[in-house]
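The same chain A turns up in both complexes below, where it pairs with chain B and then with chain C.
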Partner chain A sequence: MSSNGPTGKEGNGGTDGGGGGCGKSDCGCVSRRTVMKGVGATLGTAAFARAIAPLTEWAANISADEFLQRHYKELSLVDLNIVLRRLEKETKDDYGAEVTISDPKPQEGVKFGYALNLSVCNGCRKCAEACHIENNHDRPSHQSYIRVFEMQKGTMDMEQGNVNYDKPVPQPDKFYMPVQCQQCEHPPCVDVCPVEATWKEPDGIVVVDYNWCIGCRYCEAACPYHARRFNWTKPEIPKEEINPDQGYLSNRIRPQGTMEKCTFCLHRTRNGRLPACLEACPTGARVFGNLLDPKSEIRWVLEHKRVFILKEDLGLKPQFFYFFDS
Partner chain B sequence: MSDLPPTSPVVPRPFSWRSFGRFLGNAALESLDGGKVFYVWMICLSAVFLVGANAWAVQVRDGMALTNMSDHVSWGLYIANFTFLVGLAAGGVMMVIPAYLYHDEEMHDIVIIGELLAIAAIIMSLMFVVCDLGRPDRFWHLLPPFGRLNFPVSMLSWDVIVLNGYLFINAYICAYLLYTRYLGLTPNPRWYVPFVFLSIIWAISIHTVTAFLYCGLGGRPFWNTALLAPRFLASAFVSGPAFIVLAIQVIRQAVGRHFGDGPIRTLVNIMRITILVNLLMVVSEVFTEFYTGGAHTSSGRYLYFGLHGHTELVPWIWCSVGLVIVAAGLLLSPSVFTNPWVLNTACVLAFIGIWIEKGMGLIIPGFVPSTLHEIVEYRPSAIEWKVTAGIWALGLILYTLFIKIAAGIFLNRTKLQALPDIQPAPAPAETPSISATS
Partner chain C sequence: MMAVSKKQARALVIFSGGIVLVFGGGQVFHHVFASNRQEPVAAGAAAGPAAPAPEPATLHPVHYRLPSGAPRVSTGTTDPGGQPVAVACSTCHTTTKPNFQTHSGAQLVQFHQGLNYVHGNLTCLSCHNDQDYNSLHLANHQRVEFTDVMQLCAQCHGHQWESYQHGAHGGMNGHWDLTRGARTRNICTNCHDPHAPKFPLVQPIFPPRDRISVPLPGHQLQETTSLKPATSTSPPHHGTP
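Let's turn to the complex of A and B:
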């Protein structure tokens, strides 16, 4: 590296070190070394500017309003409205689709729970497909918040399960187990987020502010249920396939480089509708409802069926339950 | 350096921000001066850096799909390097402890080599984190009061604090020592020794907190072990000293002076212990994994032997194990003190071995199999290798410049009068030199 033994000799003498150049000197003392350095610095700067040019192209797509947008919880109603309109406009500009982005709030006295009957689930993956469409997922990657496992009868060992099955369902020696976000009572994904971009809502749904997430993917590492997804690219969806009924915290089209996750379709469920995956299920395996309502179907299931919780030993208290008939 | 008698230094000047600015200017100018080897080295590194910068810019624009990471293996080469570099930064403390706690004078004279390494390594590790972010434009979300740092719940928020804190502590110590020396003053222990002791504790903390990032995750049994933080430290205290030993030898060549035999001996003695402790911990983990068996150990099985025909990491980890064992053998042999080739080989092997172990061998198996026991493998993409090389190149550029600045000042080559101060310097800039004792 620095063989500066001989260094000083050249540039030193009367001329003040290598690169400086003494302001008042007109003695032709600008050494060859100084000139070379100047040329090197100029070329280097130009090359660097060229190298990071893609950044400027990218930055041109980020408006100042988007860059400066505050955290969801710090937005006043007026601010939020401005943001929603801006996002609608961006969707129009980027995807050509007219959409409505709303922000339904959690309801008092409601805590959502989900139960899934493994005795009747036949592994048709209609739920995963409905999720894909409802939540405006990236089309080329066939993204969905639900993964359906084909499990060997006689074991609950997921290592023996297979998510890429391609035979007609149901196979006689198999049973099927869809897995999605379990909306934990103690969600580790929320704890680990360094910027509070994800949190648990009063109705039990863990949400992400897609415009606050920095994309570090620590939550993805922390989740034991593989419930979180990252937008590795800008989602691609043909205009006519975009679901125009969107929620800020749920199914609006996510920006590139941010996390996303199942929200129990809060833009539907907070307005009294059922999750898309439930509506799509042909077997009636899915039961959704308010855990705080003693007369709800889900409470009946929890009280009368053989219920189990995935990875219960981790102590995260999911609000997603599996059960068997009879 | 220390063989020279302490002479009464150049006429002292008072501290002022203006003169500090001049000091920085002079130092920067001086550091860019060098011989042919220096320029070739710097131009090569700059070229690699530019390739990396371009790769990163493209990755930010087009999305991280250009990496080979996936929702299954969501951290890869970047976080692997980040983890290793935090260790390298912490490893510099193995010069500070002998110098300040055990009053090893010879070590004391050149301890700045380790402190500057800490600065360069932390900068690199922070860059790896930034390159791993999907949205680097939202970096400000971490910074209070405008951002919302999730402190103290998120271990990543702790890491942000301790890493930046360590950077600032070391930057302050180095700047203070070099600046006072540049002014011809003797550094006042009151103004830096407390920070040195703080930096010792802080060095332990950065690697501990970084280990806690991983071992606090209950859903990832491979990381969820109490041995992780101690293992991080043990391996850091191999890779750090190994790098420093190599750096000392290069610097000796570059400045044409022989120094540092004592410190090298001390560092080798440290490595002789830490490399064995590290191996012991590896054995302990491997035993626990394989003797117990069961689903919780499938990541370990994947790493060492492959799982259901998936063997991507097997060559990596056995390479690492082999390198570290050979390095341990070389370090323990008496010839390590007499034959520089043995020493250098041992340091290079140990450094690479730990880089694999703390990088690919630690981060990737945490994700394979996934939490739902799917097996998706990972092999870094070209973009990831380019960005990684670019950051390493920048780190080496910075470290080279830091060392040049320090050497220029310690050897009294940086010219006080280069940018004129209040008066023309009274200037015995050619006086035999200040001793490096501080």
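Let's turn to the complex of A and C:
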């Protein structure tokens, strides 16, 4: 038998080993090889089905259009319009609210700056509340892009501040420092994004394409001002509380699993309006304007007040400033 | 050797003709496209204002939330229709003799008794005009209407007034960009009670409930200090045995 060579091996497969099968080539018994093939195929199919299982579940809450949507910067005006209309329809379907989602572009010759007067801020958190409402934040978590720190007078370390204060304000030995996105010139959150879902716009606002973000939260870790928020759940907002004036890059309702941040209310400010937190401030502590306009209020503050930059030593060059009356 | 054959000459002519055709056609193509592109721009320019206009844009107004005029004082009585009766200051003060010493509502026997007055060492008539109680007066006794009250405040609070004039003090609403819309500004007395200008204590609004501030129900608040190595309690591992 051994002298038969390769032909003999092919003709009488299985008989040499003396393992499975009955030894006759035409008896119809299942050979070991066939069994192994069958097992392999079954396992392979099962593994494949398991691997694509998330796709079948996921198809329920993500449309094919959304899955195939391109990065914001690669969208043509026509495509962008299709996306905006689709998002409006999705908001209508999900939340029952009629909203308008626009995409105002940066203005030529405008770079936004924000200054906050720590001498008059009384820590009432009205700004945080206005942000909560304006930017369609999740209601159960009381989310807001502004976190107000109650600080011991004489200190400047934001990390030692208390954000959970609930006594009437202002307390005599405390001062209050609201912190939101500082719109850095060198934003570390943008540097760490692995998919370029966040970037700095020409008017200085750092934005997020919520449909491109993969929710890795690197940017949240990178931000020294704790300014970024993560949508752990799908935002819950009653239909009648939804702000219908929405921007693609700002306050449209964010999907679950994406990062979000303060955009200086760009759907308002790029149309010439003041940010919501400024309008809500009862003490007039907030000053907003165009850093490139020498006659603007913000420039007057920077030139005439005692101005300081939070965590200036990091060298991130924020477009947000704090000042004191003197 | 340099002479060109008839065949070569014909090929040259055909080649150069082709080049002319390609360039000429390109020009025609470009012309058609350019005119297509320019059409909507021209239509837009005809409909709206010309786009390249370097002339100074007209600014929208800044409104001030001024009082409507002199205040009226409630008499505590109601008319037959049930409406509270309020009178002008001059109704009583034209016949009563001004008292330059009064500096608190508690000193009075009629009207204004409950007035909370905490504003430096001023007396009532430091600001109110004893010549005409429907107005105020400056330090030099120049008459000032209630609607111009900011002039009066600015006499002492010059720093705040300077900041106010530059938009760095006082709340506002509307547009930062006055070329695109109007703005409404508070005046001093919208926020500061002139009789007790210091801001009262207020109850803050709830904080956000995120992991850095208040824990969500069922989650423990992570103590940032607990992450630091306990230097005092645990002995160093790399010391000599």
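Here is the rule we use: the second predicted complex is superposed on the first by the 266 of 326 C-alpha atoms of A that agree within 3 Å, B and C clash if a C-alpha of one lies under 4 Å from a C-alpha of the other, contacts with A are read in each partner's own complex, and residues count from 1 in each chain.
Everything below uses one rule, namely that contacts are C-beta pairs under 8 Å (C-beta built on N, C-alpha and C of every residue); 3 or more make two chains touch, one makes a residue touch a chain.
Here the structure is a predicted model, which is why all the values come from computation and not from measurement.
With both structures placed on the common chain, the touch criterion links A:288 to chain C but leaves chain B unconnected.
Once chain A of one complex is fitted onto chain A of the other, the partner contacts of A:92 are absent, as it touches neither chain B nor chain C. Contact with chain C, but none with chain B, is seen for A:273 once the two complexes are overlaid on the shared chain.
Judged by the touch definition given at the top, the superposed model places A:301 against chain C, while chain B stays out of reach. When the two complexes are overlaid on their common chain A, residue A:163 makes contact with chain B and with chain C alike.
Once chain A of one complex is fitted onto chain A of the other, the partner contacts of A:239 are absent, as it touches neither chain B nor chain C. Partner contacting the larger number of chain A residues, of chain B and chain C: B.
In the superposition on chain A, no contact is made by A:317 with either chain B or chain C. In the superposition on chain A, contact of A:229 is made with both chain B and chain C. By the touch criterion defined above, A:128 lies against chain C but remains apart from chain B after alignment on the C-alpha atoms of chain A. According to the touch criterion, the shared surface of chain A, contacted by chain B in one complex and chain C in the other, consists of residues 147, 159, 163, 226, 229. Taken in their complex, chain A has these residues touching chain B: 1-8, 11-12, 16-20, 33, 37, 40, 44, 47-48, 50-55, 57-59, 62, 67, 71, 147, 149, 157-159, 161, 163, 179, 188, 191-197, 212-218, 220-226, 228-234, 255-258, 311, 314-316.
On the side of chain A, the complex with chain C involves touching residues 115, 117, 120, 122-126, 128-129, 132, 140-144, 147-148, 159, 163-166, 168-170, 226, 229, 269, 271-274, 278-279, 281-284, 287-290, 297, 300-301, 304-305, 325.
Those residues of chain B lying in contact with chain A across their complex are 26, 29-30, 32-38, 41, 43, 46, 50-51, 53-54, 56-58, 60-65, 67, 69-72, 74-75, 129, 132-139, 141-142, 147-150, 153-157, 160, 213, 216-220, 250-251, 253-256, 295, 298, 366-367, 369-374, 400, 403-404, 407-408, 413, 415, 417-419. Residues 159-160, 163, 166-177, 179-181, 183, 186, 191, 199, 201-210, 212-214, 216, 224 of chain C touch chain A in their complex.
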